[in-house]
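Take a look at these structures.
Heads up, the next two complexes both have chain A, just with different partners, chain B and then chain C.
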Partner chain A sequence: MELLLFNIFNGLIIGMFYALMALGLSLILGLNGIINFSHGAFLALGGYIAYSLTPVIGFWGALIVSPFAVGLIGLLAERVLIRPLYGRDPLFSLLLTFGLAMIMQDLIRTFWGATGLPFTIPDTLSHPLSQVYFFVTGYRVFLVVLSLFATASLFALLRFTRVGVRIRAGNADLETVSALGINIYRLRAINFAVGILFAGLAGVLAAGRLGLTPTMGASLLMPSFVAIIVGGVGSLLGSMLGGIIIGVAAGIVTTYYPAASDVVIYLIMAVVLVVRPRGLLGQEGLLE
Partner chain B sequence: MSASPVDKTASAGQDSAPAAPPARRIPALLPAIVIWLLLLSVPFWLPLLGGYTELGTRVLIFGLVAMGLNLLLGFTGGLSFGHAAYFGLGAYGTGLMLKFVTHSTPLAILVGVIVGGLAATVFGPLTVRRRGIYFAMITIAIGQMFYFVSVRWNSLTGGEDGLTGFSRTDVDLGGWILHLQHPMVFYYFTLFFFAIGCAVVWSVLHSPLGHTFIAIRENQKRLRFLGLPIGVYIWIAFAISGFIAALAGSLYALLNNFASPEDLNWVLSGVFVIICVLGGMRTFWGPLMGAVIYVVAQDYLSSITVNWMSFIGAIFILAVLFFPWGLLGFFQGRFQK
Partner chain C sequence: MSILDDIHISRRTLLKSGAALGATSLMYPAMSAFAKSESPIKIGLIDPQTGTYAGTGGNEILGAQFAVDEINRKGGVMSRPIQLLIEDSAASVGQSVQKAHKLVNRNKVHFLMGAVSSAVALALAQAAEQMNTLYMDTGGHADAVTGTQCRWNTFRTCSTTWLLTAGDFQTIFDKYGKNWYFITPDYAFGHSLHTDYVAQLKKAGGKELGNALAPLGTTDFSSYLIKAKSANPDALLVLTSGNDQINTLKQATQFGLNKDMGIGGPMMEMEVLEGLPDAARYGYWNMEWYWNQPNTPHVMDFVDRYKKAHNNKVPTARSWFGYASVYALALATEQAKSLDTMKVVKALEGLELPPEIALQPHKTFYRASDHQLIGSEFPGQVKTGGVYPDLFEVADIVDASKIARSAEQKGCSISYPS
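Right after this comes the complex of A and B.
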């Protein structure tokens, strides 16, 4: 029983990473119309930048600065590489971000080395909170809380700010938004940067949990795609939900049959596709 | 080495584009003849250019899978990013047959093709329910499922280390023995299957079925209004390309005497797609040209720098930004002007 709880909790945390990543991916997919294969590389970059910043400004400083630094790099990438792709066949954005991911991963390997690096978290966070449930460390709780907080902030941003409203309007009908005199290029750039910022945040958090390797993002990328498919394209809440569902499901399966824990999320996806092709909260006919 | 075939085949791409009436003028056949002559003589001229025969075999294998994929990608407009799965299943099917069941190479190939092709046929219907980006995401995810099965099913597949312990065996053709262990013999063995793949793709493209594929790419809505079951046709294209990918994967396992989980990974799927794009997605010979460029560039770059991945990534980006219609597409556009 304890093992099951342990794995469910672990799954929840992994699911949070998936959810954070899926949120960013989903945001970019919605307004920019791009599947960002380099999302995982941005995530890794976030972790590595935090690693290098920690000795200088400490964990808390790195936690705040690193995602914004990655967001800025994302903004640059959008300006130079992504912008020429708007309105073109999705094939090209797939390939371009795929190439970008290869380059970024290779550069990370060159700068920080191919072997894994440890990422130390502050002592205040690494203690278990309970004697019986030793796995409930401060860091893990912190991780869940911070992820939820970041998600809530994103939803608040989309709901209550002018930019957020425009982003949502752009998701519904970009042409009309443009016709109303809003600079959709700037809007898409902001949207892309926010999505990448979430990848950076997930990277810092994941670094403390899983350690740093150049491929850390790539291994989180695919489950995040699955999270989006399960949750439904076009629904941010769905992506979030999808991430948590597959994370927890993988955790539960780990308890009983560890070898299948990677496969089960794809099986869930297959079942969702058969039963409800648009995903749990998805809209019909979007992006097709 | 790529300069001469490229110039010659530029017009081949144009003539074999199935939109044109299938007029079989002699000059139209010329590029195809040149390509086949070049392919048939690879073991003789490739070493002179500093290559080696296995490199030629690898080009053929990647060209074969890309040609099959292009039927779906370039001609039907189905954005599959998961074809490495069927390639890898072909490789594992063949490897496992040779390791545990039989010593007959043709039988092992047959099983590999059936395993990979059937997987594509069975999982195709899941993908064809959605289009565009969504289609791409689902094909990737399904591909990754097979990847994780191959990694986790340690006892059978050897896990992350890949499947070893088998090797291709000689084929006895009624007293005439093919020594497949010899690189040159295996090259021609591969070329034989490449020719079969070409023939399949060519005849599909020149059949009503192929015209339907192209019509789906051009205007799906209109075909739907005409009452055509679009999903079924994309499924057919998916299945055919899956069988061809499995055939190529099977040959790849024989070439390396090894099957690796990386053979199923989505990274390789991306490579197959870029091969199609590099050569020219809307052309018949494009995928082969793309395979020449990619395989040779990868072989060369990885021998001179550890950062070869950056260069490959740069090729991806540059191709997308500046040569979206590939080498043959580029020339084709020029000739048509």
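Right after this comes the complex of A and C.
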């Protein structure tokens, strides 16, 4: 019973991390209409940039600078590669981002090497907080708090700023927003960059938890897509909920039958797709 | 199909792609002058350059290339140069077998070598046998490759999982205690390691408290570690490798598990140690080859040569696998005076590597009965606070022939084509 409780807690922590990734993906899927397969590669890039920055500006500096650096690269990628594909079949951008992911992964391998690199987190964060709940380490608490903070900031941005309101409006009806004289290209660029910034942040956090390898993003990407589908395409709150649900579900299954802990999240996805195709909090009609 | 119908490739696009393709083929390094006069002996090397095992696979390739360069500088084999044709396996069985067919049928390679994943090694051995080609497994460890699934055409340079576990079983048992918990990657390699350890543990009177099977490529090991901790073992045996091993150890350290139980395992690699933060570098492990052997002749010289050619990076066990495998093929070909598969196989059987290639103190030879290289194991302790490349303290260099099981015990009897 204690084991189950541990795994549920643990699942919550992991789920928060998936949620962070899913939020970025969901944002981009919403306004840009792009299924961003390169999200994992941007995540890895965030981790690697932080690794290179740490000796210069320390962990805390890297934690702040790296996501913005990745966001800027995202902005560039949007302008050069993705913008020409708006209005085309979603398959085009899907293939493009898929290819981009592979190119980025190879670039990372070229610059930083194929062998894993150690990313050291500050000592203050690297110890368990309690003897009994040994899996609640300072770093993991920090990860959850920061994820919550980032999520709250995003919601505040979308609710209380002009850009945020426009992004939400664009999600609802892009043509009307455009007709009202708002530069939707700039809006989409900003939106894409913010989504990628989230990937970069997730990357720095993942590097501290897992260590750096060029493929680190790929294995985290699929659960995040599942989180979006479960939570509901088009709903940010849903994406977060989806992340937490699959994290906890994987945790519970691990207690009883670890071999199925990977399968269970896809089972949940399948059930959701059959019973409620729009996802738990999703809008009707989006990608159904 | 409606989406694809909309794609029109214009003549201009086609021309452009054609030009691009032409340009890339120019970028491949031309063969050396020496290769023009004599047709080269071709070795097809299939190793992961992308994916989870890219780091270890990359070092096998570097080692193999280093050997090829050395051999060609010294005049080649039967006065012919060796040419290495490298293909990416991405540690995927399907892709590897496809590349093997391509290398043999289209590129007409004489030998195949490579593999990091045991699953790939088993598949390549089979594919090579069907094509009547010699296959040298460089780095896939599962017992079966030279055990129950041994083949007349297949040889192996890296250790069996049995040798890995037997290398440090006694040390871990003595230092940590008799109640063990395992974290095992859920495929051929992991299962093989687990079976081998448990056999020795039972015999020694120890007890297995549990075994958590983690799929290959797992990133988050926290739930497995929670189970391990609740079982309260004396020793936690980490059977994962590559990036999975880094993730396991990093998280176990963050959870403070290394303060409650001894952590160790059958296989530690330089590539893994490089990827670990210092806090996660500890425990008793087994290495298959190590660069720091002050008492073994030729090793220092090899390490210096290798470092000079590789940006001051020391050779790892993986580099040595690639290096020794190429030399073994070259020596056997030279001895057979032929490229005929069966003749080279016969020459490899029992072939002893000369000390400047073996680079270890004990007799190093390809055993005729199962085609397994029998050499040395390097059990020892990871140095906490070590600075690259001084990360491991070899406690003892074990003669593998003293701990290896015989071909019969492994379930191998080789049948040759008539």
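In the analysis below, the second predicted complex is superposed on the first by the 281 of 288 C-alpha atoms of A that agree within 3 Å, B and C clash if a C-alpha of one lies under 4 Å from a C-alpha of the other, contacts with A are read in each partner's own complex, and residues count from 1 in each chain.
The criterion applied here is as follows: a residue touches a chain if its C-beta (ideal position, glycine included) is under 8 Å from a C-beta of that chain, and two chains touch if they have at least 3 such contacts.
Quantities reported herein were computed from a predicted structural model and do not represent experimental measurements.
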_On the A-aligned overlay, A:2 touches which partner chain: chain B = first, chain C = second, or both, or neither?_
second
_Is A:58 touching anything from chain B or chain C once the two structures are fitted on A? First, second, both or neither._
neither
*Partner chain in contact with A:211 - chain B first, chain C second, else both or neither*: second
*asked:* Once chain A of both complexes is superposed, is A:10 in touch with chain B (first), chain C (second), both, or neither?
replied: second
*Based on the superposed arrangement, let me know which partner A:251 touches: chain B (first), chain C (second), both, or neither?*
second
*Can A:127 be said to touch chain B (first), chain C (second), both, or neither?*
second
*With the two structures laid over each other on chain A, which partner does A:139 touch: chain B (first), chain C (second), both, or neither?*
second
*Between chain B (first) and chain C (second), which does A:118 come into contact with in this model arrangement: first, second, both, or neither?*
second
*Please identify the positions on chain A that touch both chain B and chain C, taking each partner from its own complex.*
91, 105-106, 259, 262
*Touching chain C in the complex: which residues of chain A?*
2-3, 6-7, 10-11, 13-14, 89, 91, 105-106, 109, 113-120, 126-128, 134-135, 137, 139-140, 209-216, 219-220, 250-251, 254-255, 258-259, 261-262
*chain A touches which residues of chain B in the complex?*
73, 79, 81, 126, 129-134, 136-138, 140-142, 144-145, 148-149, 151-154, 266, 270, 273-274, 277, 307, 309-310, 312-317, 319-321, 324
*Within the complex, which stretch of chain A touches chain B?*
29, 33, 35, 37, 81, 84-85, 88, 90-92, 94-96, 98-103, 105-107, 110, 222, 225-226, 228-229, 233, 259-260, 262-263, 266-267, 269-270, 273-274, 277, 287-288
*Interface residues, chain C side, partner chain A - complex*: 3, 6, 49-52, 54-55, 57-59, 186, 212-215, 217-220, 222-227, 229-230, 243, 246-247, 250-251, 253-257, 271-272, 274-280
